Amino acid sequence: MLIFPFILEFVISLTEWQPIYGDFWDAFASVFTHKINQGVGYNYLITDEPRYLQALGRTVIISVISLCLEFVIGLALATLFLKKFWGKRLWFTALLSPMMIMPVVVGYTWFMLFQYNGPVNQFIGWITFSETNLMWLNTGHLAFIAVITTEVWHWTPLFFLIMLSGLNSVPENPIRAATVLGASNFKIFWTIILPNMKAVIIIAFVIRGMEVIKLFDEIYILTRGGPGTATETISLYLYKLAFEDFRLAYAGSAAFIVLIITVVLINMMLKPIRYQLVEGR
Amino acid sequence: MSEPVLELRSISKNFGENQALDDVNLTVEHGSLIVLLGPAGAGKTTTLRIVAGLEAPSSGSIFIEGADFTKHQPNQRDIAMIFDNLALYPNKNGFENIASPLRIAKTPKDEIDRRVHEMAGMLKIDHILERTPATFSGGERQRVALGRAMIRQPRFYLLDEPLSSLDFMLRIDLRTELKRLQRETGQTFLFATPDYTEAMALADTVCVLLDGKVRQIAKAQELYDEPVDRDVARFVGNPPINIIPARITRDNGTVNISVGSMTMPLPAKMEHGLPSSVSNVEIGLRPEHVRIVESGSDVIHLTGIVNDLEPLGMHTTVGLDLEGVNLFFTVEGVQEFKDGDKVDVHVDLESLLFFDPETGRRIT
Amino acid sequence: MAKIKLELVKLCKEFGELNAVDDVSIAIEESETMALLGPSGCGKTTILNMIVGLEKPTSGEILIDGKSVLNVPPGQRNVGLVFQDYAVFTHMTVRQNLAYGLKLRKMKQPEIDREIYKVSEFLSLGHQLDRKPSELGASELQRVAIGRTLVTNPEILLLDEPLSNLEASMRNQMRRELRRIQGETGQTIIYVTHDQIEALSLAHQIAVMNLGALQQYDTARNVYEYPANRFVGSFLGNPPMNFIRGKLAEDSGQRVVSSGESTMPLPAGIIGADMTIGSDVVVGVRPESLNLAAADNPGRFTSEVLAVEPQGPETVVTAAFGDSSFKVIVPAGTDAEAGGAITLAPQSDLVALFDAETGVRLMNSGGA
Amino acid sequence: MPESKFTPFNLLGLVAGLLFAVFPIFWMVSTSFKVRSEWVTSPPTWISERPTVDNYLTILAPHILLARRGGTDQGDEDFGGSKDDGVGGANADFLNRSAWPGIKGTVIISVCATILSIVVGLMAAISISRYRFGGNFTPFFILAGRMFPPIAIAIPFVIMFGPKVFDMTDTYFGLIVAYAAVTVPFSTWMLKSFVDELPQEIEEASMMDGYSRWGAHLKVTVPLIKGGIIATALFILILNWSEFLFALVLTYTEVQTIPVQLSKYFSATEGTLYGVQAALAMVSIIPLVVIGFFIQRHLVRGLTLGAIKR
């Protein structure tokens, strides 16, 4: 079910085929009648299509920033949950709720919030005691921040959940051993608990990393990659290429390059989680 | 029944490059209780799984009542197996657990009720038929597993360390009860365990399995008194046998055995079977074959210095340094001496075992 | 009397209405070794946690070197605890594990290195110092856990089930190692275990616990040979002590216990003044305290053999007495098989009489 | 875990976290009850003075709204617009606002795709877990299926579903197959982690009792991991329910799903119909939150491909 699309993709990317040229089978045949463009699509993309590389760059930046933010906030919240407090169960469900919301709805919700006269500006106004009306979705770097905020809001609960289960899976006895040896809670956290959670933290970054580079729904609704290409991630660029400019051939080759990059990324990431996944321990 | 109930003919099995079983041959007669004895990882469970059909042997064949069953699926072999974690169905109550083989065989409902209640009576577990396994005690779980295996009168039973999860006192009681049950029903049991005391207490014959090879098949006491090699001798018996290098010397007719700086004449009847020429051997000395004697008594004795004392209630294990040779022996009850004391001991030479240093096989 | 190192005074701990530890008082002397022995769930681990400070007692006092430590936090009680699963810090090397306690005590590095060298030589961990715990075997991990605590030379060293995670073959060797550590360091050690072999072989004094209550606290020998009640008798000994229930009777001048048609003569010294003939009694005798008796031995009795279980050096024979049975240890060569008869006589000084209801020992033929 | 006390600073952190998480949801809920005039105001109105259910009626029961307004065209003030502009005016335009086709589409597609994905996933999970099927290539392949950006798969799908090939564009069957294809990795891994937790001996014991190999799997393993299967199915349902890209790309008019429908609430005259959009968003969210609450325990397992079990 999944292998066939990849082969197909590779084939198209070699051809100049456009939907308007006629039906697909001729293009398919043309591959074998050496009318292919010798992969001109590929070098075109890399050499003189800056937008492609920029989109890749933007995707990486967005991913890195949002992952780090999600990790810090998630871990902080998780450590708070180690302590006992009233209504813990309710609080826990509330904190998890953003994760349950459809990406599309998240997009629309934050679209409303980031309106010129929306509550975000109002909120900032309260804090900075000044009348602020930032054009969130229309100015380059602000849109960038908006997208990251949305992503962080949507998926921090997952980090929170993984960190919490990580904290709970740290074996009890080494902590008690350290206590008896005289270590303070703070010292125990840094020298025993955190190192023990290295595997869990890696898994969280890997799993979330796989998701965030595929970001499409929220951005498509929030800024559609705008203003201009300020928030255009690789997914959006491919979408535009394939379904707006209908240059399927280029979209094919671009997508194929992305597949290759993802394969490389998988192998890199597979090592830490392979043990977990294959053994299922 | 002339044909043996089970026959393993040169069964070998390897997982990747590690050789789990190497040319295992075993014949199980009808109504006997054979125990597969060996340390963890010796291949006991693999053997049972091959007999059950859960694993296919790499080579060799399995004959059940004379017919070749090597290729058959588990459910075609009519064998019952009790796993070490008893593998009860957690979502079914006691009654259903015991009745499951009959349900699968589509036995009529009223017959199932009759036979399950009859079995529960015999195993004294009628009171737990309605409850689920999570609420059972160790002994009850074990009896339900037994009930499930016996309800369908299979050809024979495979038991993979069924007592290992029980606590100490219950294990001793259930062990005797299992033996009584086997004797009364005349069924054939193939029982795997790493605990040699369990093996000796239960078995008609013990089959010692070490590193996937069958080392010895013998009666329980024979296994202890005449082990086939060094490893079996070390494995059976706690505190373990002392294996000490020694030299056999012959001068004018009498055979002497010297250990370190000590030399003692061997009693005449021990000489047969010993190699004629001067040679190095390894002697096996059971801890109970060394007795303390009053200092200065006329019996041939040696003096050594105590270097370890382990009171164990019934016996006390004493570590002795006999002129550089370290050995352990057991003394009745709780003795009153300390590290460093000098002690005179008499070694019962008649019960010595001799092993070939290279092959480890027993000479006499 | 040597200095009392640790004293528990009327210690109690309740979890809800279950009182896990019920009025336990124990004193242990300097460089003595003591074993807290009992089945799982008898409160021994709770006591361990209270001594170390990981749990607060509901009532009672804990004195170390005479001073109360109740409100001293676990880190400052200078007691060492070795866990059953060793609880070694897997992400650190052996050296870092050993140094952890010393770093907390703000020791200077050269001093730390010296201490680590000393303890690693003592526990023969010299060549493992820079390896990760994942590469070590069970007994090495155990030594790292012990070393990590020993290096901070605690007032008291507590070990929680030290041998239960080891392979059977390793246990003999590890028990020898623990005895060597005891001897050479003179450390006051408390073992918490459910394994009687461990307790008997490692501890001078044994405190037998059951359902939170202290059953008996005495030297290993007294606990084994003169159990204070039926529980202690049944918990120690392999196979455990036989408890023969019957009526006290007079048979040609000799006191006997009879049940059904079998009778067992009792050694003279056992009967106290207040025991009336015909009352219910329970006789406690260890399988190894019953010996084969010659035909003319006055104290002999015969009973039918039910089962024979060879054990190697000895054989365990199960024989009938009234409607119950008892086990006896006979030398390997004895010719006894199921259905036959066997004549036995109890060893005069090792028979105990227990109260039928409370199980408390009434009289002991050994006089202790 | 060290039980240090709960300092006020911690409370501050918790409250901030809660506000950040809950506020947007609160905002959407309140917008769905706002009258159109309150949709976009400055300063923004947090809670509507005249909460109305019209937005919900627009998407769920437009005829009631129409009937209430006497079937005529005159706008009324609660729609904040004069007669001639927008919503109240063009009935046809009004009627196609109803969300029912979208809801129908989403329900059918996500349920069928979930069932297909679970069935395939269960077979794969059992064979990987019990027979090491596919050696170590399978984990890579299944992980890859999940890691590739959907857009990279969407392009070939569009072509594959194109007129001359399978001709499945804009059909229910097409989208179901697409959704199943993308979610099989999830279902396989999550089910595998449940199957792994079941000791193999129980199956083998049932084989000894008389079941064949796959008989044991079906009669013993599946009933024992029933809870796991339900949790996985619900989890996959959430994924399918909220999928947007494939729907956007593979469907035009015939097949509608909620996410795509959400982006259609744009009237030429007064821009995005925020209230109506919020209403549909609310309608589509409720089942997800309810399901999410039920399988909360298994969420970690699902999202981390079974790598982490809480």
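By written order: A, B, C and D. Residues from 1 in each chain.
Everything below uses one rule, namely that a contact is a pair of C-beta atoms (placed from the backbone, for glycine too) under 8 Å apart; a residue touches a chain by one contact, two chains touch by 3 or more.
What you are looking at is a predicted structure, and each value in this text was computed from that prediction instead of being measured.
Each step here moves to a touching chain, and the least such steps from chain A to chain D number 1.
Removal of chain B from consideration leaves all other chains as one piece through touching. The count of contacting C-beta pairs peaks for the chain pair A-D. Chain B and chain D have Cα centroids lying 60 Å from one another. Chain C has its Cα centroid 27 Å from the Cα centroid of chain B. None of the residues of chain B touches two or more other chains. Annotation for chain A: residues touching 2 or more other chains are 179. If you sketch which chains touch which, the chains form one closed loop in which each chain touches exactly two neighbours.
Here, these are the chain pairs in contact: A-C, A-D, B-C, B-D.
For chain B in complex with chain D, the residues that touch the partner chain are 52, 54, 73-75, 79-81, 83, 85, 87-91, 100-101, 104-105, 148, 152.
Those residues of chain B lying in contact with chain C across their complex are 39-40, 167-169, 172, 175-176, 179-180, 194, 196-197, 200-202, 220-221, 224-225, 236-240, 286-288, 308-314, 317, 319, 330, 332-334, 339.
Those residues of chain A whose C-beta lies close enough to touch chain C in the complex are 171, 173-174, 176-184, 187, 191-192, 195-196, 198.
In the complex of the two chains, the chain D residues touching chain B come out as 199, 201-202, 204-213, 220, 223-224. Chain C makes touch with chain B in their complex at residues 39, 167-169, 172, 175-176, 179, 183, 196-197, 200-201, 220-221, 224-225, 234, 236-240, 286, 288, 307, 309-313, 315-316, 318, 329, 332.
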